[in-house]
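So, here's a batch of structures to check.
Each of the next two complexes has subunit A plus one more chain, namely subunit B in the first and subunit C in the second.
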Partner chain A sequence: MGAFGSYVQNIKDAVATIFDGMAVTASHFVRKPYTVQYPDRMPVRVQDTLPFRYRGILEVDLEICTGCLACERACPIDCIVISCEKDPKTRSMVISQFDIDIAKCMFCGLCSEPCPTGSIHHTSEFEGADYSLESLIRRFVKEPVQAYKPKKGPETDPRIAPILSRGMRYINEFAQPGGEKPEDEAEG
Partner chain B sequence: METLINNLIASGLFGAKPSFDVVAAIVEFVAGAVVFLVVAMPFAGVVTWLERRVWARIQSRVGPNRVGPQGFLQWLADGLKNICKEDLIPAEADAPLFKLAPYLVMLAFILPWSVMPFSSSLILADLNVGVLFFTSVTALTVVGVLMAGWASNDKWSLIGGIRSAAQIVSYEIPAGLSIFPVVLMTGTLSMQGIIQAQGWAPQHWFVFANPFTFIAANVLFVSALAEGNRTPFDLPEAESELVAGFATEYSGMRYTFFFMAEWGNLFLIGALMTTLFLGGWRFPHVSDNVVVMNILELITFNVKVLAVVFVSMWIRGTLPRVRIDQLMTLCWKYLVPISFADMIGTAVWVAIWPDGNAFMGYLMFAGGLAVLAVFVRRVVYYVRRSRMELYFRPGI
Partner chain C sequence: MSTLRTEEMTLNMGPQHPSTHGVLRFVIRADGEVMREAVPDVGYLHRSIEKIAEKVGYHGFMPYTDRVDYVCAMFTNQGWAMASERLAGIEVPRRGEYCRVIAAELNRIASHLISVGTMGMDIGAMTPFTHALREREMINDLIEELCGARLTFNYMRIGGVAWDLPPGWREKALAYLDHFDPILDEYNSLISYNKIYVERLANVGVITPEEAISYNLVGPNLRACGIKWDLRKDIPYSVYPDFEFDVPVGEGRWGTLGDSMDRYMVRIMEMKESSRILRQALQNLPSGPVLAKVPRNFKPPKGECQVRIESARGDMGWYVVSDGTGYPWRVHVRTGSFAAMGIVQKLSRGLMIADLVTLIASLDVIAPEIDR
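And then the complex of A and B:
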């Protein structure tokens, strides 16, 4: 190929490659963008798409908390503070304080493993940004409540039964990850 | 314009016996300001939004969509933010030149609007050298850019300014030579004259008049992109090498001026292409009402200009930046010889068929449609292929 041949070839190459390149980019006009418009323009909330055992911000179901302090002892950075005493009249445990400092929490999940009822558990909530450290302390006990006392048979109280079954499912998931398929992925 | 001025004098708005020239100067100043504020500035702003949306779609993103409906007011937010910023002048800079440079660039952007043929009546001045005026005042940008680069006293600015000067001066030659075929065919340099020599139908446009004008249109488009410092020829402000090129040291309103001129230049590129090759404002004669016809022509012109602007955005989203030596090779080794050959070819063509070859118009138009069909097939192919790739690799 002579000099003129390669000259013409260069022009041909330039035109052909630009033509094809424009076709590639034009094909993107008819595709859907991949952008996820978090947080306000989502088809579903991100929280609802997360797995059951996702380690988000901690939460306590006081209805099924036995006041055993297992979580407080398990916590490696002492971000859980529980006060519980025996009521001399009714001879039952009363929880007067259950604070979790989310600012300190490192989401290790060691507290929810020893919980006998699955009362303390991670939620799928992760948007915890706030303006002060104090407001990150979650105080679950508003007024002293009686600790939960496990029954011999299945739970009969219709108010507590669903919470307990959910908690048991949660700790079973820890015992055998993926063993029992949860009925619904969504967090209640 | 003259009747308007005479009416204004008769109305007594300017006192008892004003001089005609003074009133004319005031009226033209006001008209220029109105064009500038109502057409040029908002267009430059809206184009920034449009361009960001177009790129975003090319890159599978969404783009700015929060300010106003579909992010339409993004340009207003950006502009206001920029204007509110401090106007910094570096201590080592040559202050008077540094301050002057953005206005020169702005001037080069505003002046061509005076010969912009929006419709058969809407034109500020139908100069008999309209096209020449258009190309020469747009080349004035180089003075402002070089001044900005020099006065900033900064290596990036200087390199950016010099690159821009070299680029604009070089590409002025193929751009000028590509206008010649049209001038040869019409025998006039007036914008309106060139548009009136074309028909409203695509086969009567100069882009399809003969093979030489088709090539000339493409050469002119490439040269205009290079003169407007557009990707793939945006070397003067190559971010990866020169920070922001000649605008590195600028901030606030002066920076806004530079970029408004740059985006506004897109309209000028589109207008030049539309006027010379795409039939301008020509619209079939559907009404005897002058106002209705003018509005239809205005819409036609703007749609054509926006189509060209869209193509240049699309190119910007497609092609990577060329190297400086490639830039010069493209200009001097390819575009200049091609445009010379074009000029001679058109001259021969005009000598053979002085009134143009009507059959060729239809043939070229059919050829254009065929190329478009091939293009659409390629696009469909890439869309299908992307689906397959997505199926195998959902992560991409």
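And then the complex of A and C:
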């Protein structure tokens, strides 16, 4: 093949391969669009479509917080500050401060893993923009509250039971060391 | 008439250049459009992650490993977990290893999709980038359901993984693979075989096999030079011996062996192989626990270890020295991007300035991985 031959061949190849690519592009005219317009034109809020394990902004259910400080110890960047003291009169634990610095938090989820009741957990909320760093510190304790004491049997208080069952559902999502959950067998 | 005086021009590219894949800076000495030399200047993204490990302990360092290489964070997770396990002699349950391989191979596809997508974008083809990102988005959705995050996964723990596969996830993943394999062929006809694209990449930045070895290239960059070296096959770790897969190498079909097109095609072929591994792993998933019993106050015995894993950017080494306390004495990460940056200066001699962008894209360097 001479110089002219390869010249023509090159043009032929270029046109043919570009046509191939264009055919793929053109086929997208009849396909369903993949993009969505966020946030105004969503049929449902994005937060409601997120999976249960989604690691959004942290939240604490003080009703079931035992004040064990496991989350504070697990946090690698110390963005959780808890103060607990014993009430000398009633001899029970009182939580007087539970602050989470959302600006510092890196959403790793290490704090919610050791929590015995699922009190500290990630929500599916992720829109946390604010005008100052100070307002990103979430202070969960408005006035000192008594720490939750896990009962021997199932929770009977109708106010706390639903919160605890949600918390336990969150905790049960985590893999148990050496253990196997019932739904694993159906899965595996 | 006197002749025009010419002189060498020193150009600065980056650190905020959009096509340098992060914060990367090159000092270019150029003669017109032709480069005499491009000297990479790394260190703009140094976050002293290795030092942080000495302060936060073994469990707490896991989320930081995500930040070593955020495009394929599963591999950095796995490297750190494996290093800690080897120090303490912990055995990971079989299902845990399978979960790790599944997550890691999904992540490899996602990482290569970014690589091949941005390759087109750096050259000027914007459409393939959106196609690649669309596919990656679906992987992100899968991983989000698995571990709750889309980029900084923090999925693995010392001794296994943090979450078991959710109910119905396996079918979703298999359905995704069924969708993905034809998409890859479509992607190839969209851009990979495009004559203009091939002409732009072929014979640019040719690395000979000898050079690749002497410059310590790893991963797809090394395999593109025709050297069949994959840690998953050659020094098997985890459960990779269970799976049947090929190691694609560059063939020089479009130009010279070891050119940018070869590096591009090796990544495309590797995605196919990852899909094969994923199918086998998802189908042969054993039952059992996914996490071994590891004390919360994790103190491995005195000693040191080096773990090598095949990340999306090649051989990633984790060197950990323990002094018997709850904090590692020293951690060092050996990453593929850093080695790849070393060869840029040599390859850039005589290259056009516009080809430098192609070269960086084809080496698939990720700035945070270079500096850590």
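Some observations on this one:
Following the convention adopted for this analysis, the second predicted complex is superposed on the first by the 140 of 188 C-alpha atoms of A that agree within 3 Å, B and C clash if a C-alpha of one lies under 4 Å from a C-alpha of the other, contacts with A are read in each partner's own complex, and residues count from 1 in each chain.
Going forward, contacts are C-beta pairs under 8 Å (C-beta built on N, C-alpha and C of every residue); 3 or more make two chains touch, one makes a residue touch a chain.
Since we're looking at a predicted model, the values are computed, not measured.
By the touch criterion defined above, A:Val30 lies against subunit B but remains apart from subunit C after alignment on the C-alpha atoms of chain A. When both complexes are overlaid on chain A, the residue A:Arg91 reaches neither subunit B nor subunit C. By the document's definition of touching, of the two partners only subunit C reaches A:Arg55; subunit B does not. Between subunit B and subunit C, the partner in contact with more residues of subunit A is C.
By the touch criterion stated above, A:Glu173 is placed in contact with subunit C alone, subunit B being left untouched.
Applying the stated contact rule after C-alpha superposition, one finds that A:Ala74 touches subunit C and leaves subunit B untouched.
By the document's definition of touching, both partners, subunit B and subunit C, reach A:Ile18. Using the contact criterion defined above for the overlaid structures, shared-chain residue A:His122 touches subunit C, although it does not reach subunit B. In the superposition on chain A, A:Cys108 contacts subunit C only, with no contact to subunit B. Subunit A residues in contact with subunit B (one complex) as well as with subunit C (other complex) are 10, 18, 20-21, 23-25, 34. Remark: subunit B residues 56-62, 314-315, 317-319, 334, 375, 378-383, 386 touch subunit A in the complex. Interface residues of subunit A facing subunit C in the complex, by the touch rule stated above, are 10, 13-14, 16-18, 20-21, 23-25, 34, 50-55, 74-77, 106-110, 113-114, 122, 173-181, 183-188. On the side of subunit C, the complex with subunit A involves touching residues 56-57, 59-64, 93, 95-96, 127, 134, 137, 144-149, 152, 154, 159-167, 169-170, 186, 189-191, 193-196, 285-294, 296.
Residues of subunit A touching subunit B in their complex: 10-11, 18-31, 33-35, 37.
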